[in-house]
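Presented below are the structures under discussion, each in the form of structure tokens.
In the two assemblies presented below, chain A is common to both, partnered first by chain B and then by chain C.
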Partner chain A sequence: MNSILHKDYTVVRDDYARAGKVSSDIKATLSTIGIPPSVLRNIAVASYESEINMIIHAWGGDITMDVFDNGTITLVFKDPGPGIPDLEKAMTPGWSTASDEARNMGFGAGMGLPNIKRVSDTFDIETSEKGTTITLGFTVA
Partner chain B sequence: MEKKTVVSYTLEHCVRCMRCVQMCPTSALSMIDDKVIINDGKCLNCGRCIRACHSKGLLASGSSIDAIRDYDYTVCLVPSAMISSCRSLDEAENLFFAVKELGFDEVVDITDVEGRVMKETRFLSEHEEGQTIISSMCPVINRLIEERYPMLIDNIAPLNYPSEIAAKQIRKKYQDKGKLGIFYCCECEAKLPLAKYPYNNMEYEVDHALAIVDIFPMIRENLDKGRIPVTFCREGLQSCNPTMMIQTQSDLIADGYDKINDILDMTEFGLLDSFKILHLFPCFNGCIGGHLLWGNSYLTKNNIDALTYKWRKAPADLIFEDMYTNDFNKTDDDPRSFMEKMTFFQKVNEQLEKLPGYDCSACGMQTCRIMAEEIVKGTRKVDDCHIIHSMREKGK
Partner chain C sequence: MQVKEIVSLLQAEPLLVCNDSLMDYEFDYAFATDLMSDALAMIQNDPEKTLLVTGLANASTLRTAEMLDIKFIVLVRGKVLSEEILEIARENNLNLFTTKHTMYSACGILYARGLRGIYE
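Moving on to the complex of A and B:
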């Protein structure tokens, strides 16, 4: 399987003003291609949650999107730290470490990671003090 | 089914300002050989292009009132947006008399049906667990979601338009009146296609859609000649106006085109899941800001209290079959395979690289991307781009 569309993005820590811009671009690009709405909705929700996580919890990071010729889409969210100390807790619905500042802006309801996993076809997470990498897979066709 | 747009192009010579082309929310307009071409399948009937044109070149009209003569018994439906233009109950009674004088046998206000649709929307929002319901009263919102936010189609309340429900009731009531003609006064362009005529949408129960601005000069002549007693449903009158609507913690009410686009974007990301109902109005001040009305919506929005201070009507009792519809369950009808879509997308991107990317519309297409799509389809050439063409001329 070969990647037929590749896109790179960077997000910056605490850049709330631009929060969601990458997800908007991913959504707009896939919508232009003509990805079915049911798949697109899952990708939109997962990419938005993951992007926001990088902005409020991590020190920014890189996002890549690949569309493969076999009809799958892979999104990779890679941040440089600080890592998730207790992954099991982070995967529990309702558990959150978001700051009051973030909560006041409507982020940090503690549904982030469980939600991302729920809407993704494949979900893979690796975390250490050196950073977290989340790889999400979606099947389009 | 693809419906014909209500907008028609009327100019002999266009100044090619491209305002209409650039204003279109779904890129339905393009200019080919100095003529504006409207893609019926994409058009929302929102009327933004009509208002963008400085030369009155685009037009949406309703049926002629003369159609009354084709029927044995005629009924005129008056929506809340038209009633809201009255400052008092006295003025409303004068209005109903003047409308009847146009030649109708009966004039019916549909505020009780609108009120019931509002209540039913709330009922749905309380019983659909975890699902945000989008009010389906505005045809532009429904079409906008179908075209630009297909992920949200399932969130649209599966309810008929109030005019349609009211027409069904009237048809049942007057089965013995011979040839029954139901006319509907429309406050905006988007409601004109909700009738059999003039746009040949034969699936509707309403026979003719009338543009209120067209009949208003005739109504005005009879405004002080008499009155018909009326009572209105408060919930119905509120339904046309975002500032007067009863709002609970779980309602989101917004008006204005840019704002509703923001809201639909956020809804797609799942950010507004805590809201149970979205009432969205593309027009400022909602339906009383409809462009086929004569009143100033900033002045008329407070009239609702005056119209319902004394007598009120309860929302109508309606049966399930009349209220519910599944018109909005549009599935993905793109017959192309994933690889065909991808190949087209990449070919378009290749052409897009060659274009300047100013989205100036000088070529007649709204954006460079749409131009690139046309080049791939073979209807346009790269040299049709005015900027590339003039650079090439300079180079010679």
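Moving on to the complex of A and C:
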């Protein structure tokens, strides 16, 4: 399969003012190529939650989006650390290590990773102290 | 419940109206929270028919609405938004009102008049 649309983004740590701008662009870009609203919404929610995680938990990072000619969309969120110490707990709804600032922004309910997994067709996460990479896949029906 | 009824019941004031036909638009559900991660996790069906009630007056609320395709937000406790944050709302055709009622009272008023919660 070949990528027919590719975009790269960078997210900066603690940049709350711009939080969501990448996901906004991803949603707008995919909307212009006719992705159905229900699929688009799932992609937007997963992207926004992942982008927020990079800002509030990680030291920023890079996001890539690819639309493939077989009708699948892949989003990759790659950060340089510090990693998730206990992934099993992080995947448990309600468990959170968010800062007060993150909570003031309306996040830190411990629903992020479980929700990202729920709305994605495929979900893969690799984490170590060198960073976390989340790869999400979506199929356009 | 039509928007004009919601606005009347809550004695709400407009902060931004991007859709002129909004007042006749009908909402079937409301979801109230100050936690946007809960909104992102729980509003799964009919977001375009769901009113978001919140006291969180910042960009997160507007970005959450954008991602979920929510078009109508009521801010409680008299909260308002800065012009910079309102720009995000304009870009996404969001409609924003503010009421002096608390979250508890606003929800009680709307629920008593028949606006249901999600998952009922």
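The definition used in the following text is that the second predicted complex is superposed on the first by the 140 of 141 C-alpha atoms of A that agree within 3 Å, B and C clash if a C-alpha of one lies under 4 Å from a C-alpha of the other, contacts with A are read in each partner's own complex, and residues count from 1 in each chain.
In the analysis below, a residue touches a chain if its C-beta (ideal position, glycine included) is under 8 Å from a C-beta of that chain, and two chains touch if they have at least 3 such contacts.
Worth saying up front: this structure is predicted, and the values here are computed from it rather than measured.
Once the complexes are laid over each other on chain A, chain B and chain C cannot both fit and instead clash. Residue contacts after overlaying the shared chain place A:Ile125 against neither chain B nor chain C.
When the two complexes are overlaid on their common chain A, residue A:Gly112 makes contact with chain C while staying clear of chain B.
Of the two partner chains, chain B and chain C are each touched by A:Tyr48.
By the touch criterion defined above, A:Thr32 reaches chain B but does not reach chain C.
When the two complexes are overlaid on their common chain A, residue A:Val67 makes contact with chain B while staying clear of chain C.
In the superposition on chain A, A:Ser24 makes contact with both chain B and chain C. Of the two partner chains placed by the overlay, neither chain B nor chain C lies in contact with A:Val76.
In summary, superposing the two complexes on chain A brings one listed stretch of chain B into steric overlap with chain C, and the stretch in question is 254-262; the others among 164-172, 200-208, 254-262 or 326-334 show no clashing C-alpha atoms. When the two complexes are laid over each other on chain A, chain A has residues 20, 23-24, 27, 37, 41, 44-45, 48, 106, 115 in contact with both chain B and chain C.
Touching chain A in their complex are the following residues of chain C: 34-38, 40-41, 47, 56, 58-61, 63-64, 66-69, 91-92. By the touch criterion given at the top, residues 4-5, 20, 23-24, 27, 32-38, 40-41, 44-45, 48, 67, 69, 71, 106, 115, 140-141 of chain A touch chain B in their complex. Note for the complex: chain A touches chain C at residues 16-17, 19-20, 23-24, 27, 37, 41, 44-45, 47-49, 105-112, 114-115, 118. Those residues of chain B that touch chain A in the complex are listed here as 150-151, 153, 265, 268-271, 332, 334, 336-339, 341-342, 345-346, 369.
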